[in-house]
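Okay, so here's the structure we're looking at.
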Amino acid sequence: MAGNILGERFVVVSFGESHGRCVGVVVDGCPAGLGISEEEIQAELDKRKPGQSIVTTTRREEDKVEILSGVFEGRTTGAPICMLIWNRDVDSSPYRAILNTPRPGHADYVARVKYGGFNDWRGGGRFSGRITAGFVMAGAIAKKLLREKLGVEVLAFTREIGGVRMRDVSVEEIRSKRYGNEVRCPDEEAAEEMKRLIVKARGEGDSLGGVVECIALNMPIGLGEPVFSSLDADLARALFAIPAVKGVEFGAGFGATRMRGSEHNDPYTIRDGKVETITNNAGGILGGLSNGMPLVLRVAFKPASSIAKHQKTVNLEEMSETTIQVPGRHDPTVVPRAVPVVEAIVAIVLADHALRAGLIGCVV
Amino acid sequence: MAGNILGERFVVVSFGESHGRCVGVVVDGCPAGLGISEEEIQAELDKRKPGQSIVTTTRREEDKVEILSGVFEGRTTGAPICMLIWNRDVDSSPYRAILNTPRPGHADYVARVKYGGFNDWRGGGRFSGRITAGFVMAGAIAKKLLREKLGVEVLAFTREIGGVRMRDVSVEEIRSKRYGNEVRCPDEEAAEEMKRLIVKARGEGDSLGGVVECIALNMPIGLGEPVFSSLDADLARALFAIPAVKGVEFGAGFGATRMRGSEHNDPYTIRDGKVETITNNAGGILGGLSNGMPLVLRVAFKPASSIAKHQKTVNLEEMSETTIQVPGRHDPTVVPRAVPVVEAIVAIVLADHALRAGLIGCVV
Amino acid sequence: MAGNILGERFVVVSFGESHGRCVGVVVDGCPAGLGISEEEIQAELDKRKPGQSIVTTTRREEDKVEILSGVFEGRTTGAPICMLIWNRDVDSSPYRAILNTPRPGHADYVARVKYGGFNDWRGGGRFSGRITAGFVMAGAIAKKLLREKLGVEVLAFTREIGGVRMRDVSVEEIRSKRYGNEVRCPDEEAAEEMKRLIVKARGEGDSLGGVVECIALNMPIGLGEPVFSSLDADLARALFAIPAVKGVEFGAGFGATRMRGSEHNDPYTIRDGKVETITNNAGGILGGLSNGMPLVLRVAFKPASSIAKHQKTVNLEEMSETTIQVPGRHDPTVVPRAVPVVEAIVAIVLADHALRAGLIGCVV
Amino acid sequence: MAGNILGERFVVVSFGESHGRCVGVVVDGCPAGLGISEEEIQAELDKRKPGQSIVTTTRREEDKVEILSGVFEGRTTGAPICMLIWNRDVDSSPYRAILNTPRPGHADYVARVKYGGFNDWRGGGRFSGRITAGFVMAGAIAKKLLREKLGVEVLAFTREIGGVRMRDVSVEEIRSKRYGNEVRCPDEEAAEEMKRLIVKARGEGDSLGGVVECIALNMPIGLGEPVFSSLDADLARALFAIPAVKGVEFGAGFGATRMRGSEHNDPYTIRDGKVETITNNAGGILGGLSNGMPLVLRVAFKPASSIAKHQKTVNLEEMSETTIQVPGRHDPTVVPRAVPVVEAIVAIVLADHALRAGLIGCVV
């Protein structure tokens, strides 16, 4: 049960449910003296807010963050930072109707077994994507810490939706264009095609999966603690906390399995007096340690589980087979809203490792 | 630095270096009363022993496991179990020769920076694949615990090497045929082709990557502690501790990103009075919890970094560009030897979560 | 910084400050299905509420607990339980006046150094005794879990104040009389004397220390995980989180240092077919494990640091010596209000170890 | 079960049993570049070696430490350091004879219950004082790290045995005289009296308890992570891992409970331009943080449990009452040999917190 805590030095504690009173997070270990405001956190939070466009759910929440502790006179104090958003636009009745008919692809059935039926099933409860709002709040602090203290920049974006894969673009394009469209894809042409597919899938009562990519620039060398807290290990662990994630890869990733060593190994060179690699198939991680090159990772999201189409399921009371049409408001794909979440999670893990490595002290 | 500890209840502590005195492991938290012998551990260890065939390195080590603590009269005592193998066949001189010319694809350079040049560079030191022998020792205990107490069976095998992907086979074939050939692939035809490619790559001074798949059968429902210690999160983290891993996916994995929800969602049915899913695109994990279906995961291994071919690198003393031909004995692919390692890691994580869930107590 | 998390399976995360918006706690790992209401938690919380009598501070707070997550339809869900009380009766101005003159016996100076002056100094901020309200909320849940699942009863009481030590009384008297007076001492005669001393000290602008004793009845055998998470080790660690604690002892404690082995060793006997010890100098713990006898521990509280008397201190701005008269409302002794806090902490640690030992599962 | 791991950044893993193959320790997280030799560790280990005088057991062990990993060319590498001593002088037959008659004051009975009878009972197995040899090995490294990087000096000594309490002496006397006699007490007169009492108790087949005091000089300000990993909390937890400890106190400790605030509060002053306190009743810790004054703590040791005198116990096979005369070689008091152990434990915790605070980085 006690799995709601992440990290060792920059520690994130998640709490709250989809249809409970709130969704929140406690950040323990953030150094003192970092300037932070509710506005800055809100800005990040707004990126994952529902109801922003035709491609996402129509649920409307204000999602106004409140900082309850750990910040004083606009700066972190070194004390645990509790933040939350209140749940308001909640109608749980559709969920009661399907209480005994678990939705395929959702955690309904396993949660019921594990928690003896005592789990909060309203809106998926603890298994709802809504809890990632807490990740984003914590990530907002992590991102600022990384940027201000180390100059590290974390950038996530949609790489692929429904099989449409964007072309490679420059870092500058990623930075400037990823939030220029509803699918958060910096390749505008691909973005258009993705949107078209999403609208089509929604029309058919179906959903799509995709891939979020995340890069981190200006990385220090040596982040990570091999072997079990290597940077890739800790990033992967944290990314799997995001609902709907089914895979994580770094650099060339699964593609590396079809390369030869002579092709995959990144040769060293000297650039501006610094040791760098010519290619970056490693995705910035060697031996579990950051090597100073850009961190590159990709996260596989399955198609959203909640679909309008009829699906086969069972009635757990009667132990009989039946069908279900999932009620409620749902995203035809979680990918666009997952972009700020992936970015937040990566920032949290990097901040934790920067603290572990002593690159940031007790006071910023 | 302190990253050599994995798990919470079945805890694994890794120590040792490639060319130091030994490679070992401490297992803390194993319940008392489990029958275990050096022979049983040795049997697992022998599966990853080098020098078994033309497809792996020619380094010869006895790799005889010694249990130093925690086992008394053939049974675990509840005390920490320290196990190790001594290093014997060691010649570090080739590594001294390349001390200032980091091998592309290896951790040489990052380790030197992180540890201020004090890292043990002989044979890759702490970054050598040899440390996975410790994982296998711990995994042998975890596997027995899972088998005896829960009936869980963990089976890893080579799914793909050098782009040759085996066909789907039955569980029975996996069980009986995976160790029937040098590449640990239960599809004999594919295995032959893989071997051919490996021999060819070796002849060209090059190396190949591949994919190890692992399944776990007879899984209980509810293993995993969402959100940050979900079963997939903890498995992914642990698997990235294996050198050369660049990706991890569950069930349909990255393939799920191109499926539609109606296709990917596993419909529920009732079989023999039990709730099951008809398909298993989820790979046995929903919402971070095991759902009772077989666990299915795949691990991407990059091509082995050590190749005979000339590669570009730099001289760190002179800060100049140069080339390197990596000396020593190396596997043209790590995949076959990684099979028992993946199996061990999966078993360790499952045992940890079985203990966390209270499915196994202080005494077996 | 990241020290606000306690426990492994029943995990307590503390947040909030004395004069911030709230004081709260997250409990992660509580099994699902435990009936719990705000009223039950409030009942515990009221025991440490200020302003109850002449012997404690006159600060008035409603201290109404709110459960924000993890409880649904009156039962725990297995999800993290966030609870808090809002701060209302706050006047921080006296603290601003003494910002540069650290109060002797308080954390003002060290906190300023550690957190670079960014710590919230209002009312002692994070170092205020008020944060123990969070411990009591979490302890209320732990106590109920222990009582309902294991029949374990935890009882704390004032053993000594200002040198007045109560006589030994029966368990029944402890249970029925400890909350019968303002000092929470089950020996009424001693209680009267303690009160007299407290009123006298307050009149003199001074303060008193004392000893809180805690017992736990109906203990299972074998709680504790030697050597570093032995039951006494984990209890001691947690008890030192309470402000003003300067010592912890078990059973005969420091008195044992003056006994002989033949006197201190508790001989075994058989009572009602069960193995017990005739005496209980061990305080219910042998080798770091509970032995089934009552747990007995004592906690030393220093005299309250905030006193009205003039004290020598320094001006940190001018780096000159000066004096201070501590403003604000203060308890002349923290001991009576510490009684429910000690009880809560002991319950939390016992619940954690009961879960670790598998005595309680994922669902109650 | 999994309680054999201490610390977060300087992590100590204990393994081994009294009569098993060895007693050892893994240190994970020690920075790279620290010069360390087996001789230095041996020098510490020799201080707790048995058989040194009439006041300790006659068991003879070479106790030669071997470093198995983590040190290369005389310096730490940043990798986990495994160290052990082999057990040689072992005769377990007396323990088999008393297998069913638990020794009063020992863990025999509770261990048997907790571990289902599978625990290694030879020589007390995992509950033997011998496992503290591992603490001393780890402490040797911690002490060197503290000394070299921070100038912190840790000094433990016998404060009291059998009720004989040494007078207060200067730090210089502590430093120079504590190892000048067999009881490790820097007050020679008291030491003589302690020795006399020990010899008398041994002659009577009995044993004595006592108090070990430990100070740490040149402490930095701000070590500790309130509230649950405060410096006193973490020290107390770790000290309770030493067998026979029944109490821990800081500064005035339990004596503080009888002082008034005006007497106990340490007033601030300025000395050599630095803020200090005039007295040190706090023992160097305020609000759970080191305040720059000397750390002062005391540890209560019960009288040694193994005595020659007849004691009442039970026969667990026959569930009948009987008596026992404990066989084997035993110390009439553990206090003198506990001195280096307390020193080691304190050093380990301080090193861990120095790393947590970022005062020491990845490379020394």
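For clarity, chains are labelled A, B, C and D in written order, and residue numbers in each chain start from 1.
In this text, a contact is a pair of C-beta atoms (placed from the backbone, for glycine too) under 8 Å apart; a residue touches a chain by one contact, two chains touch by 3 or more.
Since this is a predicted model, take the numbers as computed values, not measurements.
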Centroid comparison with chain B (C-alpha atoms), farthest chain: C
Chain pair with more C-beta contacts, C-D versus B-C: C-D
Geometric centre distance via CA averages, chain D-chain C, whole Å: 27
Where chain B and chain D are represented by their mean Cα positions, the distance between them in whole Å: 38
Mean-CA-position distance for chain C and chain B (Å): 46
Contacts with two or more other chains, residues of chain D listed in rising order: 1-5, 8-9, 14, 114, 126, 222, 362
Touching residues on chain C, where the partner in the complex is chain D: 1-6, 12, 14, 102, 104-107, 109-111, 113-114, 126-127, 131, 160, 162-163, 201, 205-211, 221-222, 224-230, 232-234, 236-241, 243, 245-254, 256-270, 273, 275, 277-278, 281-283, 286-292, 300-307, 309, 311-314, 316, 319-321
Parts of chain A lying in touch with chain D, wherever the complex brings them together: 8-9, 222, 355-358, 360-362
Chain D-facing residues of chain B, complex: 1-5, 7-11, 13-17, 20-22, 24, 26, 28-33, 68-70, 72, 75-82, 84, 114-116, 118-120, 122, 125-126, 362-363
